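Report on the following structure.
Labels run A, B, C and D following the written order; every chain starts at residue 1.
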Amino acid sequence: MSKAIPSSICVGELATGQALTIPLYEFKGADMSAPSVYIQANVHGAEVQGNAVMYQLMTLLEGYEVLGDIRLAPLANPLGINQKSGEFTLGRFDPITGVNWNREYFDHNIDLTTWYTEHQHLANDALFKAYRATLVESCQARLNQAFGVTTGHRLAVSLQSMAHQADIVLDLHTGPKSCKHLYCPEYDIDAARFFSIPYTLVIPNSFGGAMDEAAFCPWWRLTDVAAKHGREFTVPVSAFTLELASQERIDLADALVDAKGILVYLSYRGVIREKVEPADMARFGCYLKDYKKFHAPKAGLIEYCAAVGQPLKAGLPLVNILRMDLYGSDQALEKVCLPVDCVPILHFASASVHQGTELYKVMTNVFTL
Amino acid sequence: MSKAIPSSICVGELATGQALTIPLYEFKGADMSAPSVYIQANVHGAEVQGNAVMYQLMTLLEGYEVLGDIRLAPLANPLGINQKSGEFTLGRFDPITGVNWNREYFDHNIDLTTWYTEHQHLANDALFKAYRATLVESCQARLNQAFGVTTGHRLAVSLQSMAHQADIVLDLHTGPKSCKHLYCPEYDIDAARFFSIPYTLVIPNSFGGAMDEAAFCPWWRLTDVAAKHGREFTVPVSAFTLELASQERIDLADALVDAKGILVYLSYRGVIREKVEPADMARFGCYLKDYKKFHAPKAGLIEYCAAVGQPLKAGLPLVNILRMDLYGSDQALEKVCLPVDCVPILHFASASVHQGTELYKVMTNVFTL
Amino acid sequence: MSKAIPSSICVGELATGQALTIPLYEFKGADMSAPSVYIQANVHGAEVQGNAVMYQLMTLLEGYEVLGDIRLAPLANPLGINQKSGEFTLGRFDPITGVNWNREYFDHNIDLTTWYTEHQHLANDALFKAYRATLVESCQARLNQAFGVTTGHRLAVSLQSMAHQADIVLDLHTGPKSCKHLYCPEYDIDAARFFSIPYTLVIPNSFGGAMDEAAFCPWWRLTDVAAKHGREFTVPVSAFTLELASQERIDLADALVDAKGILVYLSYRGVIREKVEPADMARFGCYLKDYKKFHAPKAGLIEYCAAVGQPLKAGLPLVNILRMDLYGSDQALEKVCLPVDCVPILHFASASVHQGTELYKVMTNVFTL
Amino acid sequence: MSKAIPSSICVGELATGQALTIPLYEFKGADMSAPSVYIQANVHGAEVQGNAVMYQLMTLLEGYEVLGDIRLAPLANPLGINQKSGEFTLGRFDPITGVNWNREYFDHNIDLTTWYTEHQHLANDALFKAYRATLVESCQARLNQAFGVTTGHRLAVSLQSMAHQADIVLDLHTGPKSCKHLYCPEYDIDAARFFSIPYTLVIPNSFGGAMDEAAFCPWWRLTDVAAKHGREFTVPVSAFTLELASQERIDLADALVDAKGILVYLSYRGVIREKVEPADMARFGCYLKDYKKFHAPKAGLIEYCAAVGQPLKAGLPLVNILRMDLYGSDQALEKVCLPVDCVPILHFASASVHQGTELYKVMTNVFTL
């Protein structure tokens, strides 16, 4: 019934002069009151599976009645995706500066007390529209500032400008070797019941540089300031990061599972007319403060023993560390365990590590959603 | 019964002055007439599993009666192993020059006709001993030449010098995403029945820069020259490259399987006193000329459909290529097949590729060994 | 008269098991009341000139009477120094995570109001000694925390622990293509008259992750808290970053110039008994807020026209941008100027840039010191 | 009088689907009997100065009467040029495979004896035209082979196909830190008198994978076969590599000097109608066998003492090696000299080196041209 309209956006220029462009697809919604959606994938160059999910989602959407506008930006970091180093994609940070591509979003310095005072006479819809316009203008001003902006900031703010125009923002990532998990702001925890994702990280409402935060923080702050002025409304924008298993992997069948999960959420929010029921599966949560990084206590070759997405009891082996320079001693092969029960969510991609390498991220104090 | 004696060798020096050292382990054989063995692992930095195989092999050997000297060099390329780029090990080539670490071995320029003429009066054992000494001296002369040698050549020739001192040379590698396979020179094809490796590449007796060739070529040439002078003997040195599945992977249980396979070969050759029977498994061969590289006909995101080590009929899908910039056209998702029956042996490690990337290596015209 | 005593410190372990060690040299001072000094060089891998300055400084110090303890840590980032990529040293950030090696220092979370209340009965010397002990212990606790720390943080906190034991901290860096300049905290601006460095950036007393800030911030905060409690003392620790021209350059003659400048400062502070007079040269300052980054407004090949360290009038050419894809148009060769007078301090190292690359850093509103 | 006509060629496709294109410019010659020319620049990504030389050359050519067709391909390796690693361009080798971009050209396997026998009835012009067509077709066949070709080979053969259509081929490179020098085949040594380049390497007529060899070798072989059949003609194609000083450098004034040198050669060959006289300068030659690579005998920090392009007497310092881990010993600072007189032509770009790094290339047995 619906059809994706293709276009593209230019987000930079390579040394040879070639434009850095991102393909865009848009479904025009039939109902202007329905929420609008922005979805991007592959901001980290090796995290390609989100593109496959978009492919499946667009194919699905063609069979539904789309009410809200949906804009999709696959391959959202052409420089990062095309940057190879050996047989892998070196796409996590700018190869020149080292800055993580997902920490380059803009923290608007809007004086919200002043802004709110000037706009509080507006009804909710008009207020939100005015604020949205302010955020988009702020992005444009940022891109045009006198001494220029960095390559990564230009990319990020260009994407952010599109995200600010939507009510729902989904940023599709993956872990290194990872099970599926969702970053969900605390105020929006109910949303976690809809996606086909077993583990949810509940994050605070603060800005750390990532897209989801860049999308919802300004709105959470507005809600907060309004509340202080005695006006209550729910945070008008929802933004999530979906971690769709491992990087350097395209799996179209699994992509369909996640596309359906997104469709369920869009159905729940009224972006499509049809009702789609969530997958029947167990879902678990963990607060960000209980999400722990475990660093290699010593260097060596690593056998990853703990499967991601599977609960691990305290004292059971997380990794074996093999030290061939120490064969014959009791340090040649050492088992490493954690002192607490946990669910390993992701682990490092390489099997040999320097001391201090982040080996695993694990959820502790996991609860049922 | 046996015990590994540890030592180490210095193969270079890093910019900060730190020595590049490789740990060595030696089992002293009880019978001087038994063949001697040299095994190295991890010359390509990401190909770590050979170390685990060595760990298991050394542990096994402690329970056997070792007749021939066995020297093991794990972690045989410290610079390559420690060279990370993003979450992976950039260990396939020298990061400064791009030269493949496994193409740096030395092709001795020995005038064999002259050499043979001078030494043909010797009996086989003395002849071989003299030739071995010549090869080792040639390595030393190479390392000491006036204007120096490159970092990679120093490493390679240092390793080669140890290899030349053995009758059996095993170089433990892995593919990127790969099933187990063996590089075996044509004259030594019987050996392929002993290892726990299903697929064998039968290679010609020519020098391409790799360790196995560096070890057996000089001896094959000697055999050839002697034959031209009317003296027949079998090639006195055996050298193989074992590709032990995928890189960036340590699996101790699987390492035990391959350690046992090596033990079987050592048993067959009389390096240990005990008889060890080969694993009961199907083994297949393919001539190097029938080993085909398939390059990406276009760029895009890759779903690797064909499993490594599983026969694939002509016309069945090898990969799907997803092009999110072309959604809506019939080029958005294309299935790629090969026109011939094959066994995919290995595929590329990344799921997004430029046009021309080597996607798969496949065996064609596979035969039963 | 004096002699450097060598030792070393271990700051990590590479995948192969090799220890990451840093050489240390110590001059033992004759007068316990003289200030102690910590100097490190080459935390960014390509910034090697500081080592040459140390070489010259140590050689000079052997001819002076050293009163305060002086500890020197050359080659202070072995992993970064040894990390090559092509013909250059990729030493600015951790190749795995992208994190800048000089943004990994630790911001102690000491509750200073409580700490001061508990220690305010102490006389200045005892107070400072107690605080120093607290800082060093805090570093040790950090290194030993349960789930480990990253490779870069281990390095940084290990260095920081040594820095906290000194009254004077000098961190020797270079720019990419750069003239000499000094980072100097506002409260210590008088120090800028002693070094042989023409340009000084006056920085605020806040923590941004660098060594100089890590060294002086805790002491500036203590001074501040004490002042709020009515007790006045000058900030007891001085810390500076010296940017000694360009990276990938060893120049022993120029290193002697900077070694003498450091000697002058040490003389002024009473670390050596002899008086050494500062070089007679013009010295200029600029506030950090007036230090501007200029990003490439478009991609292309860059001719760097403006010499570093030379004042540049508004409207004079900073760079020419050559675009060979646009030959024949008026965009083939474009001159780029700044709208303000400035002193270019450093520029990018490569001659081809993506849009947004930081081309130049320039001082504006420069004043005479 | 003349005007460059722009076009472009597609030489591949990046993972995101973006075409790899190279801009082309063509001057149409007025006289079909005049030799045609192909010039390319920047096949190694960091070697940008050739583009500036092309810019100046095209600007000059607009003022001359062009008789032969001249095609120019600047920015001839978009993937290599855009591949940054830290602040430098990692453009010397394919970042995935490590293969040097300038060793990927195609060595046609033409059975020349057969080919010549079939075509020997043709007059020279027709013979050359037929051979040229064979070479170009061979390139096209190569690009279209069933299992595909690598990314680098596609680029190289695409460039080579253009080169084969010309009588004169110039490949513009630079060294790392280098003086200007020319690679010139022995049979064409007279040409070296025309360029504004002081040092010429006289190379044999054999194929090593580089563009100049790929262009002239097939013609040299044809000449050779014809001679064996009793027919004499001079090698119909000239091909040179010009090394235009250092990489990562754009200098428009110096580019004009080299553009004029090229113009002189084109004038001499009758590609332009006007006579242009060569620069009055000393020119020297050296046989490739006397061009020596000097490798770091030990690791350390390097002060490059010998200036490139300046004769250096035996025993005078080439480099100083600083070892800060050995301060206090006589190995802390060591001077390294060569045992022969030489002219240093280029040196390594980084100031810290592993043992074995190629420090300098020097000409020995230099003679006046």
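A few notes on this one:
By definition in this document, a contact is a pair of C-beta atoms (placed from the backbone, for glycine too) under 8 Å apart; a residue touches a chain by one contact, two chains touch by 3 or more.
Heads up on the chains, UniProt names are A, B, C, D = Succinylglutamate desuccinylase.
None of the values given here were measured: they were computed from a predicted structure.
Repeating the A-B interface, with the same residue numbers in over half of the contact pairs, is the pair C-D out of B-D, B-C or C-D. Each chain gets a centre from the mean of its Cα atoms; the one farthest from the centre of chain C is B. Across A-C and A-D, the chain pair carrying more C-beta contacts is A-C.
As a whole-number value, the distance joining the C-alpha centres of chain A and chain D reads 47 Å. If you average the CA atoms of chain C and of chain D, the two centres end up 42 Å from each other.
Chain A and chain C have centres, each the mean of its CA atoms, that are 36 Å apart. Within chain B, the positions touching two or more other chains are listed as 14-17, 75, 81-82, 84-87, 89, 92, 96, 301, 324-325, 352, 354. Viewed as a contact network, the protein chains are fully connected, with every chain touching every other.
The touching residues of chain C, counted against chain D in their complex, run 4, 6, 23, 25, 45-46, 48, 51-52, 54-55, 58, 74-75, 81-82, 84-93, 176, 248-252, 301-304, 320, 322, 324-325, 327-328, 332-333, 348-352, 354.
Residues of chain B that touch chain D in their complex: 12-17, 79, 92-94, 96-100, 146-154, 292-301, 323-326, 339, 352-358.
Contacts from chain D toward chain A in the complex involve residues 14-18, 21, 75, 78, 81-87, 89, 95-96.
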